[in-house]
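Got a structure here, written out as structure tokens. Questions coming.
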Amino acid sequence: MKELQVSLNQTQKIRLQTALQKLQDLSSKVDHSIVAVADTISVNHEDGFLKGHGTFELGGEVVATVCGVVERVNKLVYVRALRPRYQAERGDIIVGRVVEIVPERWKVEINFSQDAVLMLSSMNMPDGIQRRRTANDELNMRTIFEENDIICAEVRDTFQQDGTLHLQARSRKYGKLEKGQLLTVSPYLVKRSKQHFHHLEEFGIDLILGSNGYIWIGEHVEARDNQENPSNQQNDTSNGRYVNLAVPEKTYTALEKRQQICRIANAIRVLSSLGFNMTKEIIMEIVNLSITLNVEIHEMLGAEFYVRVAEKEVERRSSLKMGRG
Amino acid sequence: MDHRISLKKETEYISPEGLRLDGRLPSEMRQISAEIGVVPNADGSAAFEMGNTKVIAAVYGPRKVQNWGQQINDQALVRCEYRMANFSTGDRVRRPKGDRRTTEISLVIRQTMEACIMTQQMPRTQIDIYVQVLQADGGTRSACINAATLALAAAGIPMRDLVTSCSAGYLNGTPLLDLNYVEDSAGGPDVTLGILPTLDRVTLLQADSKLTMDAFESVMQLATEGCMAVAGYIRRVLREHTKQLELRRGV
Amino acid sequence: MVGLSAGEKHFIKGGIDQDLRSDGRKRLTYRPISIETGVIPQANGSARLRMGDTDVIATVKAEIGKPSHLHPNRGKVAIFVDCSAIASPVFEGRGGEELSTELSVALQRCLLGGKSGAGAGIDLLSLNVMEGKICWDLYIEGLVINADGNLLDALGAAIKAALSNTGIPKVNVAAEFSAEEQPEVDISDEDFLRFDTSSVPVIITLTKVGKHYIVDATSEEESHMSSAISVSINSRGQICGLTKRGGAGVDPSVVLDMISVAKHVSEHFIMKLDSEISAAEADEAGS
């Protein structure tokens, strides 16, 4: 949760407090499962138990090593930390930034405790043909991704021994991301789900919610399904993946699309500073709320909208509860 | 030396009613308060106040080791830098960076925090702890350690236990808890203690000036009680913070 | 500081060209500002100012001093900035020194003027206690807590807030003293004079990106700048200082245009700042 950077007036403060109090009333009891560092976790010693993440044994008792929520799955007891760094799981979709190119691999910054590694052999070549990597490919690595490029990939494996994390980008939906903006939020706010790529068709925008808390919002790029066809070369230029940045004005994002991108980005910024969980649906609700209320894009980061979003979340959660009840 | 003695004679640090100069009882701590998340760029951060002493700690990491030569293959590298703002003391002094006092406190904080971080769980990474003093009114070491504990916990770095710290001294024949600047500069002993409250271990102990064995025991006892009280407070702050995060996240 | 990909840079540049920046602002819109005064009670005046994610503290300490021989009727002011390592690991050790010095010198130029101090934004004559004998020395210190661009403007505004939070004690000078002696002074503990800050300028930095210029650039936008011009302007619209930063050269006519834009922007900014400062003062008094 980021500190609130805007100053609220007296009424807004009270409204925010009321909204947060309501959220507290709505949530099922969390109190007893919250632990701080060195708190004892009660376990059933007779049934046997397995200690998971965020715990260690001290004098026959299980003790938390991080702050978080105690979770129990069968016999496994672990602490789900609400930590700012990314905890990788195999198959996660992540967004990251290339920081270094070394022989046969790219090193990628993904808000993890180490740079992740993307091997040249773990990704599809631009010509799309499955083949052995040649020395020539290795020399041309920089034409695929260079330093500072933003890419999207999947977590292939984590080797806990040396902490290295390997990525892969075998599907066409992975690759370089251009023409848009990258946001960073706490990874725990992005829930793992089946869908992390969202093509918002009505706006022509791609929204990628990386499990590592890096979120990409940019112009939609068609997955190039038939790129082995050489006649497709021209299409590549037009769909924006290999744009000629030498003539900038011609390739700037259209104003209308840019407005949508910024609106979505600010919706995410507000949700992040409030510490609310974010899914595509919630983000779009906030976008719509801002349009309904006729809030200008940059005003979305102001105090009034901040409080509005908190109140909206109360509404959303209570209606969810009603639906369930 | 003469000056110190004359000062001792003139100033009564405890009134006949048993109150200290700032109105506290001998075993009373100053008002403490803490706030988590004051530096948005950091992975974990906290402000900690003990009376007028005010510090901010920020933690970056665990992240890739920046200077490859410093990498440790079986545990995390813990680093610490302590800095005092020029305006933090009553009289304005422009102090050079990296003077001996600064270097020593940086080292003390690093060693104290390293004792509780489970470094072997994060091999080949680096954890940076930066502590900035905004106001110094006695007990800065303790305040820095308490702030660093909060910042590390907020960054989600696994720890064996919380480290908490408090100081105590001995003036006018009475053990005093949590000395402020005036009491600290009175020339009596100042015992700074850091403990792991659950594991019941001492990780930091520093004292200056003469003290009889008996007096030391009572001062140490008092400092321990202070540390326990800080631990109780820090634990409440962390639980409340975690609860708020979970609550707001929803799902 | 921030490494950006070609695609992101292109996007930022395009946004500035179309007058819609990444967070939805127009070229001349500021991020939300919030101010808290009296954050460092040990100082004579202090303020914490946040502009978006940029977060700085400014403090003022007043000490009795002796005016210099050259300017017997003026007080002295010194400004120092420190970039704390808590703001970023790159400021660790001596890492922040270059930036700290750049900011300190720029602030001195913008607020204090030249050696004589005649045209200074801060009125040095008001710091005179007794000509040639006694004056006030102000030590202004800035501390960067979190950096997300536009540090100079934020520090300038924080200093203005800290100065208006500053109480300068009333001084009684002993009536009798010989010409060679330093007179005795009695500094009051209770009576303070509020420092008049209505003439203290604000600093407006215009960052040039492509053909256009923007105010209140974030660090992402700053990593993209070709050059920037910081102008300090007071409420009467007078320019009190100026500094050009960044490597690229700027066309002289563009410089003039940038200054006139800065002047225009300053009117709104001063109003906004003044209302935030008085709100903060009211808050402090209330609590």
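Points to keep in mind about this one:
Letters A, B and C mark the chains as written, and numbering starts fresh at 1 in each.
Everything below uses one rule, namely that a contact is a pair of C-beta atoms (placed from the backbone, for glycine too) under 8 Å apart; a residue touches a chain by one contact, two chains touch by 3 or more.
These are the chains along with the protein names UniProt gives them: A = S1 motif domain-containing protein; C = Ribosomal RNA-processing protein 42.
All values derive from a computational prediction rather than experimental measurement.
Distances between chain centres, each the mean of the C-alpha atoms, put A farthest from chain B.
More C-beta pairs touch across one of A-B and B-C than the other; that pair is A-B. Between chain A and chain B the centroid-to-centroid distance comes to 36 Å (mean Cα coordinates, whole Å). Here the CA centre of chain B is 32 Å from the CA centre of chain C.
Residues of chain A in contact with at least two other chains: 5. Counting partners per residue, chain B has 38, 40 as the residues that reach two or more other chains. Shared contact sites, meaning residues of chain C that touch two or more other chains, fall at 53, 55.
For chain B in complex with chain C, the touching residues are 38-42, 45, 52, 54, 56-58, 60, 66, 81, 83, 85-90, 92, 94, 97-98, 128, 130-132, 134-135, 137. Partner chain B is touched in their complex by these residues of chain A: 1-3, 5, 20, 23-24, 27, 30-31, 34-39, 54, 56, 58, 63, 65-69, 81-85, 113-115, 162-163, 188-189, 191, 274-277, 313, 317.
Touching chain C in their complex are the following residues of chain A: 5-7, 97, 99, 147-150, 176-182, 218, 243, 245, 248-249, 251-253, 255, 258-259, 262-263, 265-266, 269, 296-303.
Per the touch definition, chain B reaches chain A in the complex via residues 37-38, 40, 43-44, 61-64, 118, 122-125, 153-162, 197-199, 235, 238-239, 241-251. Remark: chain C residues 3-8, 10-15, 17-18, 20-26, 29, 31-32, 34-35, 50, 52-53, 55, 210, 276, 279 touch chain A in the complex.
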